[in-house]
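Given below, in the form of structure tokens, are the structures.
Shared between the two complexes below is chain A, which pairs with chain B and chain C, respectively.
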Partner chain A sequence: MTASDGHIYLLLAVAALLGLLLLWRLARRLRRGPPRRPGFFRRTGWPLGLFLVVMVGTWLIVMVVLPQLFMIDLSFRPRLPLAQMGGPRDIYTLQNYRYLLFGSTVSTESWNAVHLRALGLTIVSAMLITLFNLVLCYPLAYYMGQVAGPRGLRLLLLLLIAPYWLNDILRAFAFRILFAESGLLNAMLLGAGLLDRPIDFIGQNIALYACLTYAYMLLMLFPLYNALEAFEHSQAEAARDLGAPWWHIHLFVVVPAVKGGIASGCTLVFMLATGALAAPLVLSGTSVLWFTPIVYDRFYQVFNWPQGAAYAFALLAICIILVIALLRRLRLSLTDVVR
Partner chain B sequence: MAAEVGIERLSVRYGPVTAVDDVTLTIGAGEFFSFLGPSGCGKTTLLRSISGFVEPTEGRLAIGGKDMRGIGPNRRPTALIFQSLALFPLMTVAENIAYGLRVRGVAREARRRRAERLLQTVALEGYGDKPIDQLSGGQRQRVAIARALAVEPEVLLLDEPLSALDLKLRQHMRNELREIQRRVGITFIYITHDQGEALTVSDRIGVMSRGRLEQVGAGRELYDAPETAFVASFVGEANMLAGTVRERHGEEAVLDSALGPLRARNPRGLLAGSRAVLFIRPEFLLPCAEGEPANRIGVRVAGLAYEGSATHVSWVTPAGEKLLSLLGPRDAAPPAPGGAAMLGFAAQDALLLPPQELAA
Partner chain C sequence: MRFGRLACFAYLLAFFTYLFAPLAVMGLTAFNTASFPSAWPIEGWTLDWFAALARDGEMLYGLRNSLWIGLLVVLVSVPTGLAGALMMQHIAPSLRGVYYVLAVAPVLIPGVIIGIATVIFWREATLNAGLRFLYNGTLLTVMGQSSFIASYCMLIFIARLHRFDRTLEEAAADLGAGKTTIFFHITLPFLRPAILSAAVLAFLSSFENYNTTTFAILADKTLTTVLAGQVRQGTTPSVSALAVLIIGVTTAAFLLVEFWRGGDWRRRRAALA
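Up next is the complex of A and B:
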């Protein structure tokens, strides 16, 4: 048995334990709800129940948990030729993370300003995109969930969904055409006499923000719509009847009632925006801004998979911490968001 | 402070549908007024147009003498208690009650004190910090009342607020509502489809059918002197016998019915030859000896229901029509089911009204 085999068995054991722990916590949390339903196995019968558990468990562990664990494991290893992997030089090291922070695998003298700035900017931009999306989608979702009739709603949904038949890359290039210096938007603004010189939307990254905002709009809209549709309209009317102006009703009655949907939409948009690849590649300005192309380059330009894994994992860890912080702030649990 | 509500020729139309049809009425300051009618009769639309959620298509609405046109629900001196109550589930009881004060910028401490006073008014002392979902139906009811009273409305509007409660609690809460209304002294406008509820709590009742106000009066007036067939059939129980007016005798008239000529009061002055329906309350339709009252009907007993203080008897006429009697303990005991009997009633206890859409 080689050392790397040993690692695999250890990883499998850790993964299985983690999975069980997660399931147990989830089960405990779900059991806390007031209406007591018969147990899972009682409802499905044990052959079907066992089948479902094994299938879902296998899927989760083999397709989701294990690859991620391998990537995490990889991120703590040096870059080695294939022949030396599992050999005496294949040891655990922080050098990949050190490189992200300091731009060198050994020295800690100067910061890796380019990559760190890209990481910071990516996260801040993703937050802004999320916020902008929330501001954009809330009125729309409110209209859809509380005001629109069934016919208007169907039409609106069609109009919203149909553009997403376009794929990512195509949409990114379409935005390029729309926002280019000689593009449609500039031509219109110049033609209307609102501008003297065309605006460099792409160089200013405005095109990128617009494309990302649009790309993830539905992920914000649907959780919001879902929550707003369940909101009892007479509560808003009661607040109005008690003298509240419209902004007070939204801020203190509607938003608290739908904050689960808001958190759910924000989490989705934020996570996906930080991980977006196609749009930044096509639309980012001259200076390197987005972090994902850098990660991509680690894998396919530098061919340094351990470093790429470290970069990707660092991004994931920061995002998860931020999301959990947001949920804490909103006093929501993960189960509220999934609901 | 209580305010008078003046409704003048008010109509609400949604396209071709007329929800409220030309209603004119003045509700006095401090009055407990009920709108009574079956579902879909327009009473909720009327209430919502008083509260400002529905703009009338035609007509005028004044509260405290002030025209309410163009004034939104948040700027009217009214407070509405919703059928669903519409309490804010994420706020505590006290926060719910103080919401209207918070909107008005009342300081936290003053809000707290006022919420506590109102909790006393609705007999819920010490419940201020509870979340809404820990309250029973009746307690939620009281919180909704306290929340509405907190903004010191001049008119309190109640949209079937007791409909979600069970029978016992409903009876208890309607007495309590009456009690609260006496205490705070403001105008209450109450909506219900339950005539018992309307009769027990209200000073006056407006009976509505198909968007129209059929009759307005105290409960006793509606019961004793209904002006339309709808009111006679909707308020209380009544036996109905259709026929044609044969001849008039001053205040009374004789109706040609399937059971022969029957004499009754004719308050609407129906002319001979016109179609009419005779209404007779079950408590006036009693078994009688030969030759006593003006009207007599030969029947058989179809069923008996003894209820202690009264006995409900259902009769069937030779023509197959069903009649109901309510016999008091001192009335002659009816024969066993299947037995023949003679029923009679006095002309002044029966009413002739023009036929029209009856209550279901």
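Up next is the complex of A and C:
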């Protein structure tokens, strides 16, 4: 048995252990007293129950959990030619993470400024995009949830969804044409006499921010709308009767009531904006701003997959930690968010 | 109050201008004779870019691949999403929270990371098991895309199941129907509209996906990866022509479905009257 076989068996063992743990918990729960509900297969019948277990099991284990575990596993291994994988040189190491931090697999003398800067900027920019999206979508979501009638709502929904039939690449391309130095926006601003020299929107990354805000807008709008639709309007009226100005009502009555929707919109936009790839590839300005193109290059320019896995996992881990920290502050759980 | 109304109108106008600006740009560029893609000034009107598109073999190859992958993704993710939603109903309440987080997690994980993880897993798994032929771009893309598209489908089915009247199942059981009969005669027919919307959503999400596909497709190509290559190299307005075609086809399909459903609705109302 080679070491790489070992990796597989290790991972399978972890999966099996998790399964056993769940079974054990289940068994303990069953032993504690007669179950209040009939068992799973009793409720579904054997054929349907088997179908459910096989489908969901395959999906969650083979398509969701195992790939993530393999990615994490690879990120702790050195880069080796295929023939040597699983050989004696295939050991666990931190060198890929060392490279992300220090720009070298062995020394820790200087920081890997380019990659760390891109990582930091990606996180901060994604946060700003999330905030901007929240401010942009809140009024419309409020209108849709509290003011609009069913006919108007239907039209609005159609108008909102239609532009998203364009895929990421084409959208980014459209923004490039729109924001180019000789593009439509500059032509309009020059023609109106507001500018005397065209602005380099792409070089300043304004086009990138505009495109990313646009791309993830619906992910903010729909959770907000869902929360605002359930909001009891009489609460706002009570606040108005007590003399609160309109911005007081929104800030201290409506927003706390819909904070679940806000958190879920923000989580979605933030997670997916940090992972955006198409827009940064097409619209990046003079300097490398986004982290995902760097990850992409680890795979298809440098051909160093373990390093790419480490970069990807680092990005995912940072995002998850930030989201969980935010939810803790808001006293919400992850299940509230993905409702 | 008048000022408030004006501000509200200005906001809506700005919002929808922003939303539709890319579409307008694509529309203008696709018919503009200028060979460098630009929306303004209009140098003359032409349909040449559509003809150029039809001659672009790489693009057509990518399109065919994308359509195949979309179909396979529908076939994998709709049944999976259905099973996921029914599982949510039947799973022990103590496990429900954990299960739900796990099943929805693929929606939250960036597509890039799903693509990377899928490629790494299948490379190692097929290498060790001697199943090299399974390490194939189309298969990997279907696997990677389905992992999160199944979650979308599951959410659609869960929403529909919320409105399901459980007493129907009980009535059928009282009349002696087995669990499997109940599923095929009561639950599945109730879910039929959701199956249709899940299939449409799954196909569209697969067709327009880039982040997961670009990793999982390996050396092969789909429409979006061909597009990405062309756009990065600088391109002709035939890309805009493609955008116009995509919007045209989806809008037409949407109106058709809407019309068909509207007819259905009228018929039902007539039947009630």
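Here, the second predicted complex is superposed on the first by the 301 of 339 C-alpha atoms of A that agree within 3 Å, B and C clash if a C-alpha of one lies under 4 Å from a C-alpha of the other, contacts with A are read in each partner's own complex, and residues count from 1 in each chain.
Going forward, a contact is a pair of C-beta atoms (placed from the backbone, for glycine too) under 8 Å apart; a residue touches a chain by one contact, two chains touch by 3 or more.
Please read these numbers as outputs of a predicted model, since none were measured by experiment.
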item	value
Three-chain arrangement built on chain A, chain B and chain C clash or fit	fit
Partner chain in contact with A:I321 - chain B first, chain C second, else both or neither	neither
Chain A as apex of chain B and chain C, Cα-centre angle in degrees (nearest 10)	80
Which superposed partner A:P245 touches (first chain B, second chain C, both, neither)	first
Contacts of A:L189 with chain B and chain C, given as first, second, both or neither	neither
First (chain B), second (chain C), both or neither touched by A:A257	first
Chain B versus chain C as contact partner of A:S234, first or second or both or neither	first
Partner touching more residues of chain A, whether chain B or chain C	C
Per-pair minimum CA distance [chain C against chain B, superposed on A] in Å	10
Chain A contact footprint on chain C (complex, rising order)	8, 11-12, 15-16, 18-23, 25-26, 29, 37-41, 79-80, 83-84, 86-87, 90-95, 97, 100-114, 116-118, 120-122, 124-125, 127-128, 143, 146-147, 150, 178-180, 183, 204, 207-211, 214-215, 224, 227-228, 231-232, 235, 239-240, 242-243, 246-247, 250-251
Touching residues on chain A, where the partner in the complex is chain B	232, 234-235, 237-245, 248, 252-253, 256-257
Complex contacts: residues of chain A adjacent to chain C	4-5, 7-8, 22, 25-26, 29, 37, 40, 43-45, 47-49, 51-52, 55-56, 58-60, 63-68, 70-71, 74, 82, 85-86, 136, 139-140, 143, 159-160, 162-163, 165-178, 180, 182-184, 187, 214, 217, 267-268, 271-272, 274-278, 281-282, 292, 295-296, 299, 305, 308-309, 312-313, 315-316, 319, 334-335, 338
Chain A partner contacts - residues on chain B that touch it in the complex	51-53, 72-75, 78-80, 82-84, 86-90, 99-100, 102-104, 147-148, 150-151
